[in-house]
Amino acid sequence: MTSDRTANDAQSGRVWKKPPFIANPWVRYGLVVITLVYLYWAFSTLPFDWQRISEGLPRAGKIFGGAFPPSFERAGLLWTGFKESFQIAFLATMLGVLLSVPIAVMAARNVAPLPVYLLGRTLIIVSRSFHPVIVAILFVAAVGFGPMAGILTLTLYSIGFVAKLLAEEIEEIDWGQVEAMRSVGAGYMKILVYGVFPQIMPRQIGLSMYQLDSNLRASAVVGIVGAGGIGGTLMNAFGRYDYDFAFAILLMIIAIILVSEGLSGWVRKKVW
Amino acid sequence: MVDHAAKLADRVWSRYDRKEQLTRYGVYLLTLIAVVWAVRDIDIFWPWVWDAPNQIQSLGARMWPPEFSQWNAIFSAMLETVHIATLSTMLTIFIALPVSYIAAQNTTPNKITLWIGRFILVSSRSVNTIIWALLFVAIFGPGVLAGILAVMFRSVGFIGKLMGEAIEEIDRRPVEAMEATGASKFKVVLYAIVPQVMPAFFAIIILRWDINIRESTVLGLVGAGGIGVLLQGSIDMFAWQTVATILLAIVVLVILGEALTSVLRKKVI
Amino acid sequence: MLEITNLVKRYGQNEPVLKGLNLKVEGSSVVSIVGASGAGKSTLLRCINRLVEPTSGSIKLNGHELVNLRGSELRHSRRRIGMVFQGFNLIDRLTVMENVLSGRLGYVSFFQALTRRFPQSDIDRAFSLMERVGIAHYADKRADQLSGGERQRVAVVRALMQEPQILLADEPTASLDPKTSQQIMSQLQSLANEMSLPVLINIHNVTQARMYTDRIVGMRHGQMIFDGEPKEFNQDALDAIYGGIESPEEDGGDPGQQASPAPEATA
């Protein structure tokens, strides 16, 4: 390199810009434009009741003022509400997990013939499509207010989750073990018991624990539409402007969820 | 082999030894007791239970065929639902990111901020979207604002927790390198942390948007806007065939949402 | 006695994997089947117990036609055919004893299988077989805690628990180290002799085939091109079977014996 490095080089003006995240400038600016247009459109078409909203902050003040300190006076109601939620969650988990096993077997392509597989898959998709609250409303309309609707709702909810994951687990088992059981002359059921179930057992237990935890949370919510449990108590408290009681209920819900999360994590570790 | 005949006589085998057997039976017994207690104690009117299949079937019959006359109203309500989900997901980003920053052990300034961050995330996650909606409807009145805020408050916990975990799993070495150049905290984040968590960020946002669409469909049931309002209205008026149409519309929306999110995921990751 | 006549297996419209095979195995001989990968050895074995469905042909075990059996008859025939797999195929999460007892699944009721209440005679047989191969002390250990050679021994016991009329082994030693694979081959040989059992072994290792079996059948591209005693299996035979493909394993001879170095197969 013998060229003369003089002040001229400082003026050579080599520029660098970071290559943009999205290479194509049309796409890049297009996205920005679309986002802005969308925001404008959404905000302008959405119905905001500004009058009511402006009353919001003072209201919030009143509500939080009324909510604090939380009132545990009606502990009896609290207790019955939670007890019912527990019962709903527990029974729904038992029923749901029990039903999930045959449904998962039906919905696993490698152990089920095609028509059975399609039926199993459909059952699972139907159970998952709707938010549990919607399912709860429908069951309430069908079987009336109370925990029965809650149990039915959460059973479907459990099946939608547990059966789906269990079926995926079954589809990934080591097929050699099933082959070995076929080769000793075992029939379908025995092959399931010896060749399939031992392989999916840890996952099954983990899923069941997780689902129990999930159902506990969900049971608090389905009560809001009348399917039993602490949700109903909460709705009543809100409806009567008993914000201190409502706050107490909320605190209990959070506490129980935390405890149940911790417990289920511990059990899952032990059983693995 | 013939010599062993005498020994073979006492060869016993069982799957579980004494202790294991007792534990297993113990657990079964406890579970059985729990089930029996729950079933007897719960406030169910058993005659209705046996009638339930009938009732469910008759409800199904009342919902058929789906009634399309309210189509316009349903369509705009669905649009409203999508807006609620989308706007709240967008707005949550601005809150969830800072919170995830302070809730991540390797980036939080001090212990106190760590606990504050964790606390925010836990309370956000433990309170269901609908309960948040109840609260905001009480404060701001029925309408989409309550819905948007409810979804936002719930999403902060979800996005914040997953982003926090993503931040905790980054490679420390680029961070060290940036600090060594004397860059300020903010610039270190920009150059060392952000690039590493970008893929996770997009995946999480897309996932949460998908979930939020589902959540937004039910907000209206407590008055927080969206298709839920129409749904509750139709149910109150026993217009079951309209209910069926609304349910169909929800299924279509959910399927579209899933299709869109899986396309987005492939493009972005 | 196993009698295979004109066995053909074709997948879809492709070239048949088995092209009209004929094989007769009498009495209690140990027969090894050698050939390169893709020659059809595994398919042949699996056609016998119908893990693979033959396209046409006849397979008779002690006079009973196996090819068109269905349902419970098929299961009854399978329980008389023991199979040992290359990957052991043990139920990893169950104990050795449960794995061994699972060989009786073709004989016990569903309830007995579910509750693990096997007849005492089965348990006695299990213990004596396990002692015979040296794994009785592992009876209550989980199968995935054993070494490869130990697992294959469990698999052999499982197959023998079926009181089979014939034993099939699909590359039983391919996943094992040379010393262990000799142990297994040697055990298969002595068990076959003690129980007067015909044994068919798929094997890559020509030296072991020569050493531990009474008869070698060579396959290539779905056809049998060699059938004779180990001493007749010379370099020409080797070339006919493997020539132009890859050379088979030549190691694995008995460490005590200094055999003349095995000839290198020409690539």
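Letters are used for the chains, namely A, B and C, taken in the order the chains are written, and counting of residues starts over at 1 for each.
The rule we apply is simple: a contact is a pair of C-beta atoms (placed from the backbone, for glycine too) under 8 Å apart; a residue touches a chain by one contact, two chains touch by 3 or more.
Fair warning: this is a prediction, and the values are worked out from it, not measured in the lab.
Among the other chains, the CA centroid farthest from that of chain B is the one of C.
For this structure, the chains sharing the highest number of C-beta contacts are A-B. Distance between chain centres (mean CA atoms), chain A to chain C: 49 Å.
With centres set at the average Cα position, the gap from chain B to chain C is 52 Å. Chain geometry summary: the mean Cα position of chain A and that of chain B are 3 Å apart. Residue ranges of chain A in contact with chain B, taken from their complex: 38-39, 42-43, 45-49, 52-53, 55-56, 59-60, 63, 83-84, 86-88, 90-91, 94, 129-131, 133-134, 137-139, 141-144, 146-148, 152, 217, 220-221, 224-225, 228, 234-235, 238, 250, 253-254, 257-258. By the touch criterion stated above, chain C contacts chain B in their complex at residues 95, 97-98, 116, 123-124, 126-128, 131-132, 139.
Put simply, chain B touches chain A in their complex at residues 31, 34-35, 38-39, 41-45, 48-49, 51-52, 55-56, 58-59, 79-80, 83, 86-87, 90, 122-123, 126-128, 130-131, 134-135, 138-141, 143-145, 214-215, 217-218, 221-222, 225, 231, 235, 247, 250-251, 254. For chain B in complex with chain C, the touching residues are 1, 4, 8, 11-15. Contacts from chain A toward chain C in the complex involve residues 174, 176-177, 179-187, 189-190, 193-195, 198-199, 201.
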